[in-house]
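Letters A, B and C mark the chains as written, and numbering starts fresh at 1 in each.
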Amino acid sequence: MPSLGADMESGTLVEWLVHEGDTVHRGDPMAVVDTDKSAIEVESFDEGVVESFLVEPGTRVAVGTPLASLAPAEAGLSTAAKARVPKPRVPVPLGAPPLRHHAAELGVDLTRVSGTGPHGEVTRADVDRAAAEPRAAARPETAPVRPAARGTQVSPYARRLAEDLGVDLARVNGTGRDGVVRAEDVRRAAEAAARPGPAQAEAREEAPAAEAAEVPASPERSARATIAALMSRAKREIPHYYVATTVDLSAATEWLRRTNRERTVGERLVPAAVLLKATALAARQHPELNGFWVGDGFVPGEDVHLGVAVSVRGGALVAPAIHHTADLDLGEVMAALRDLVERARAGRLRRAEMADPTLTVTDLGDQGVEEVIGVIYPPQVALLGVGRIVERPWAVDDMLGVRPTVRLTLSGDHRATDGATGARFLNTLESFLQHPEEL
Amino acid sequence: MSITDDEARAMVARAVRRIVPDAEVETLAPGADLRRTFELDSLDFLGFVELLVSDSGVRIDEDDYPELTTTAGCADLLVRRSA
Amino acid sequence: MTTATVGTVETTYREAMREAIREALREDDRVFLMGEDVGMYGGCFAVSLGLLEEFGPERVRDTPLSESGFVGAGIGAAIAGMRPIVEIMTVNFSLLALDQILNNAATLLHMSGGQVSVPLVIRMTTGAGRQLAAQHSHSFEGWYAHIPGIKVIAPATLEDARGMLWTALQDPDPVLLFEHGSLYNMSGPLAEDAGHVDIQRAVVRRPGRDLTLVSYGGSLSKTLDAAETLAADGVEAEVLDLRSLRPLDDETIMESVRRTHRAVVIDEGWRSGSLSAEVSARITEQCFFDLDSPVERVCSAEVPMPYAKHLEEAALPQPEAVVAAVRRVVG
C-alpha cells in the first residue's frame, strides 16, 4: 500500500486491475485504492508476473502493507523465485500528523518516546505520559545577563582599543555624540596616562617620566620629545662599547629567493625576518646581552623578546617587542613583524609590546645606510644595528667574488658586558645566518 | 580579463596610497624610483605588491621586483601579465 | 620600461552603452535587442540609435506596449537558446512585468530542477531627477536585489557602461542592468580598447582613511562630490561603488570599513527596507567590533516623488545631506 498523500496512514484496496499470472511493467496500473479523499490507481513499480494477491478487495490496510507479490519476468511461475514486493517509495513518518502536533504542543520529543501501540507505534497515551514525566529543563538558553549599562556609551571599536592599550574606560572622556567614547578619545587617554617601565620594581623608581609616554604614536612633537629624553639618558648613563662585523649573506638571500618562489605574496619573507630570528637564537645563547640593567646589576630577561625599531610616519621611532621571538618559525616572525609595523604606524601598539623588549634590533637596513651604530634603549643592555644589504667584493677560496653582505654593529652596555662578549655574540649570529634553512 | 594601462596606473596609485596615505602619485616624475621617493622599506614594498596582486589578480614574483621601480614599470607589468 | 599610453576617446555613458550593445550584436549571433522604441526611434534615451540600420529588424526588434508580454517573450527566447537583451524603458514600467521577472526568469531554473536556464539580460533606466513625478521616478534596484535567482548590476562609470553588458550576457542566469537616467549624458575619456569588466566586485573609487561612503549608480557622483567637499575640511572619505547589488561584494565593503571604522550608505531608494538597510545590516554583522560609530544612511525622503523641481531635489539624496551625515558620524 503506497502513501498517496502526506497524511495518509492507511488505504482500502477497492479492486484489482490485473489477474494472477499477468505480466506487468513499470507504470502499469495494478489496483484501485481508496484513500478517504479519493480513489486512486496504483501503478506497478516493478517488472514481473503477478504471483499472488495478498490483500482482498474491500480490506483496509496500513501504508506499507504488501498487497501482492510479483515474480521476476524470466522466472515465469517458478515458486522458487522470491516474491518481489513493490516497496513503498515514501518513508513512513514517525507518528501521524495529529500525533506529531499533539507532541509538539506538549513539548515532547517523539524520537525519545517509547511506543506501546502495535508494532511499537507511539500512541497519544504514550505522548501524554512522556509529557507528564518531569523533564530535564529544555529551556532555550537565556542570553547572559549584561552588566547594567553604565552612563557612558563606548563604541565597539573604542572598547576593543581600550583593551588593547590597557586604558581604563571609566577614566575616558567621550567626545562623540551624546558623550559617546570613541577611538580617538581612547587614544588620547592612552597617550596622557603615565606608563610604568619594565616589570622590575627597582626600575620603576629610576624610570624617568619621559620614558612613560612611549606607547601609541603621539603627536609629532611629544614623540620627538620622548625620544630626545630617552636618548639623552642613554648617552648620559650608559657607557657604550661597539663591536662590528660584516657578514656574508649569500646563503640567506639565496635561500630566501628559493623559498619565496614557492610562497604566495602574503607569505613571502623579507631578509629582516631572517635577521630577527637569527638574532633571537643568538641572544638565547648569550643571555648576558638579553636583559636589563637595574640599579647596580644585570637582570636577565625571562625570554628573548626582540624589540624592533619601527619608524612611524611623522618622524617618530618606536621599538615594540615581538614576544618569544626565538620560539617562532620564520613565517610567524614575518607575520608578527608585519603586524607590529602596521599597528605601530596606526598607533595601536599594546602596553606589553612597549614594555617588554629585552634586546632591540634597529633599522632593518632597507633604505638606510651601510652601518648603524645605535644608542641602546635603557634599561636594555644591548642594541644590534643592521645596515643595508650591499654587494661587496669578497674573498672566497683565494678568489675574489662579489657577495651580498650586511654590516652588523652591536652596541653594548659596558657595565653589563665587554667587547669579548659582544664579539662572541656576533660570531654566533653570523653562524646562524649561514644556515637559514635551520632558522 | 585584461587590464588597460589606465586601470593599471590607477591600481598602482591606489596601492601606493594605501601604504602611504598622502602620497602624491600623480605628480611623480616618470622615471622616479617608487621605493626611494616614498621611502618604502621592504615590508612596505611587500604590502604594496600584495595590494597590486589582490587588486589586479595578476601574479607577481620576487624576480619581477626589479621591474617595479617606477609607476610605469608597475603598470606595464600588470598590463602584460593580465593579457 | 615605458609603454605607449593607450589612446582614449571622449565619449558619453550613452555612447558607451551603445557600443557595448553593438559589440554584443556583432560578436554573438544569439544576441538581439528588444524593447519599446528601441528600433525605429533609436531608443527612448537614444541608446540604440542607429542600431536598427546597422543590424536589421531581426536583431533590433520593436515590441508592442506590453511589458509582461515582451519580457515573457524574451524569457522564452532565452530558454530556447538565444541571448536577448530586453530593454524595459524604465524600471517604473517593469512592475508590469514583475511576475515574469520574479516568477519566471528568476525561478524557472529552480522549479525545473536545473533543466531550464534563462540567460537573459534586462536593461532598465532608473531613478529620479528629471521631474517625471511620482509614477515615473522610482529606484527599485534594491527591490530587485532582494530576489534570489537573478543578478543585479548598476554601472555608474563609462568603463562599466562599456564593459558590463558582455559579461552579463555570458551569465547563464538573468541579469538586470540598471542605468540611472542622469548618467546618460555623463562624458569623459574612455580607453579605446576598453573591454569587458567583471560584474561582481565593488570598487574603491576614491581611497580615504576616515570613513567609508558606500554608494552605487546615480548616487555615486553625488557621493564623490560630497567627498571632495569633505576633503577640503580635512576629512578623507573613501568612496566605494557597489557595482554589483546582488550579490553584494561583502569582502570589499568590509575590508574598507575595517580600515576606516565608520560608514555611511547612500541610496536613492526609500530608506525603509532599502538596499542601504541590507548593506548596513551586513556591516553590523561583520564589522561590529571595528565600528567607531553607528552606520548611517542617506536615502530619498519617504514620499512619492514630487513633480516640482525644488521639491524633487529636496526629496532626493544630495551631496549636502551626505556631508551632514558624515559630520554626524565623524564628529
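Operating definition for what follows: contacts are C-beta pairs under 8 Å (C-beta built on N, C-alpha and C of every residue); 3 or more make two chains touch, one makes a residue touch a chain.
Predicted model, so just to flag it, every value in this text is computed and none were measured.
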Higher-contact pair (C-beta pairs counted), A-C versus B-C: B-C
Innermost chain, taking as reference the mean of every protein Cα atom displayed: A
Chain centre separation in whole Å, for chain B relative to chain A (CA means): 30
Centre distance in Å when chain A and chain C are each reduced to the mean of their C-alpha atoms: 37
Separation of mean Cα positions, chain C and chain B [Å, integer]: 30
In chain B, residues with contacts to at least two other chains: none
Complex interface listing, chain A residues touching chain C: 155-160, 175-177, 180, 182-183
For the chain B and chain C complex, residues of the former touching the latter: 1-2, 4-7, 14, 17-18, 21, 30, 67, 70, 72-73, 75-76, 79
Complex contacts: residues of chain C adjacent to chain B: 1-3, 5-6, 8, 159, 191, 193-198, 204, 207, 209, 236
Interface residues, chain B side, partner chain A - complex: 20, 35-36, 39-43, 46-47, 49-50, 53, 60-63
Chain A - residues contacting chain B, complex: 257, 260-261, 265-266, 268, 270-272, 313, 337-338, 341, 364, 366-367
